[in-house]
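Chain naming follows the written order as A, B and C, and within any one chain the residues start at number 1.
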Amino acid sequence: MPDLPQPLLTLDGISFGGRIVRGASLSLYPGEVLCLVGKSGAGKSTLLRTAAGCLPPTKGRVLLSVDDRASLSLYDLPEQALVPLRRRRFGFVAQDARETLDLAASAAANIAQTLFDNGERHFGRALEAARHWFAALDLDEARMRDLPGVFSGGMQQRLQIARALVHEPDILFLDEPTTGLDTSAQARLLRLLSELQRRTGVAMLLVTHDLRIARLLAHRVIVLHEGRIVEEAPPDRLVTDPCHPASRDLVASMI
Amino acid sequence: MTILCVEGLAKRYGDRTIGPATFTLTAGEVGLVVGGSGSGKSTLLDLIYGTRVASAGTAILDTGGWRRDLLTLSVVELISIRRSTIGYCTQFLTAIPGKSGRDLARETAAPGTCLTEIEGLFEQLALPPHIWDLPAVTWSGGEKQRLNIALAALRRPRILLLDEPSPRSIDRCTPSFGPSCLTWRKRAPRCSSACTKPRTASQRQGQRSHWIQQKPNYLLNTSRSTLPSLRRLRMLRNTYFTIKKNGLSELARNAHAKSQRPSFGAGTVMLHF
Amino acid sequence: MTETFAYLDEDSKRSVRRTILKALAVPGYQVPFIAPEMPIAYGWGVGGMVVTASLIGEDDRLKVTDHGSDETVNAVNIRAFFTRTAFVATTTLTREATLIQVRQRVPEAMLAEGQVVVYQVPRPDPLRAFVSSAGEAARMHAAADYGRVYTRLFEERTGSGSIAQPGYDYPAMVVGRYLMSPSPIPKRDNARLDNSPAIQIFGAARERRLYALPPYTRVESIAFEDVPFDPGYPSDGRRCVICGCTTSHLDHLLLKDDGTSEWVCSDTECCAERMEEAASA
């Protein structure tokens, strides 16, 4: 049996605010796309934010591996250590691009900012990286100097992804990245995400309520229901043979 | 050498049970699951691949290097084993809209597969070059199915599960698919069972299909109507066994339906559903 | 109101002096301070006056400039204030002064060891241009998290910014650790902060922050590794209409009917010195 790698990120008994998340444990492996699915209010986004180091849980630990043996408990770190660690190793894509993008800065500056936040102090390299990621995400280079506010929803999402990947993080967190996009923009985004994932090998933790997206993109799917993890399955199994009633509900409501 | 040993494999749907199925697949064999619509052929393949959760039984995979019961794997282990060891070619293509067939193949292929190998396989599967870069979801049904076969094979699995390959797609594949299978067989030292292919053809294939070093075993699921087409699949060989309808227990090897023996080659396992 | 030396009561002065010591111990770090009230409105140099009042002694010689000039309303009145409340001697010559309170310029004359330069600062925190929360800005300083400043520089350089950095109050790094607002001095004056033999103290009364540079402190204007800092002063042949100097920092005096402009030295002391030299030569 091929050896399994060490998990990159481990959530150990995470609870948040009584009923929002209740005792959730999961591991994310290098190069894996893990989808969290569930109805709205199931605690998906809360769990994602906790995993991303942005929301301290009421109970439980989040462990990030630093090398083959050692791992760090994120919320036991002082903020001064947590913020740079989070910035260097994570990328975050929110459902609403306005949450992560700086609408007062140009699109190119939004990409470059991630690099500057990680200590880059070289103008030429930052500009080159912005150009590269504009091209990689099918964005028009002529619009590099525009403010993100005038971009379409799909372009804003792609800009967010560029911003989240430019520093080559280990884990990309995505919170409903395709919600609010029309179907062609959704397909394009999925295609880009899957290509980028393969090219960069970044591990992805993706929250979605849409099983179709989980099915196309995920290697592994976790179903959340009322704050608990009720099922873990490969996507084909989840849509073919869901075990938990909540999963069956989700599958039955797939369009 | 037994590569897959299935015992008492069953799936309950409410008060209806499919199985239990017991059979073994020896290295070099091609298994055929034959049965009417709704008899549970796809379920059997699904259970082995882990697309469905079995209610009872074991399915031991033995690659020579390691042995594991496929039904007790954690999800992460299952995914890892699928990636390296089991290929599944379903009746439907699940692909992100807009991805071209060539891209899909490139992404799915085992590490170290070069582009010419992919193109060689596409040619073998009679996929016209002008569609390679078109979105795979826009391909015709038969093309999609052959792409599915290509995707499953490019992972270089030890076992390839083929769910209802349509007679048409099998027809198209036959000229190259069968002999290329022989090539894998010829190269794999562990399989020494007699190979009766004309030397010239296998030599030709030996040069053309260097894209797979490891020989896969097949478990094919098909309906009775496709049997005549399958006869033309020269990879099928003349040992097979049947499984009693709904009983799913092994009856006999090398028995039953002597008339079919010349058509299917040695090493074929038939499981009737 | 009882008249005390230099207007402020001794307790307040002691408190401010303690703050100054802390600020000198952590160069560039903004120390919160009490900023007692002065009899003028915020924005007219209260922060600088509080620092001056706390430090000034009877033996000091005070120089006050505003935009480099000893003769503007602000400079004249602050000087008059300390003459009346602390009875100290005043001067317009940098070399004679022990205490120099300035607004929006660094003296162009050479500073010396033992001198103290006090700056009036309206906005002490350079990060507040990027974040609205003081708490977040404090966190960023604590973590030396200055990426956003470079984002703005990037914007300026790619010419896309709606928020281009103006030519004054250009942020500088103190000993490679704290980002500091040099107060609204022109960009080119930043170089004069670096490695200065004088003690430099920055007081912002409205924001209640005080920070300082001990003598010979390294102060670097922020810049990209591959794009050197540009002091941004045009050399388009403009000259002072009084002394004829082309290299000093010039203020726009008036726009004439024919469209040309007249310029005058911002630093009146140096301008006068050049005139004297010309007269004696």
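Everything that follows uses one rule, which is that a contact is a pair of C-beta atoms (placed from the backbone, for glycine too) under 8 Å apart; a residue touches a chain by one contact, two chains touch by 3 or more.
Being a predicted model, the structure only gives us computed values, none of them experimental.
Of all chains, the one whose mean C-alpha position sits at the greatest distance from that of subunit B is C.
Chain A has its Cα centroid nearest to the centroid of all protein Cα atoms in the structure. Per-chain Cα centroids separate subunit A from subunit C by 46 Å. One inter-chain figure worth recording: subunit B and subunit C are separated by 79 Å, centre to centre, where each centre is the mean of the chain's CA atoms. Note: centroid distance subunit A to subunit B, computed from Cα atoms, is 35 Å. For subunit A in complex with subunit C, the touching residues are 79-80, 83-84, 102, 104-106, 108-109, 112-113, 115-127, 144-147.
Within the complex, the subunit A residues that touch subunit B are 1-2, 4, 27, 29, 187-188, 190-191, 194-195, 198, 215-217, 219-220, 232-234, 236-237, 240-241, 243. For subunit B in complex with subunit A, the touching residues are 46, 49-53, 66, 68, 75-82, 84, 94-99, 103, 107. The part of subunit C that touches subunit A in the complex is made up of residues 139, 142-143, 145, 147-148, 150-155, 157-163, 224-227.
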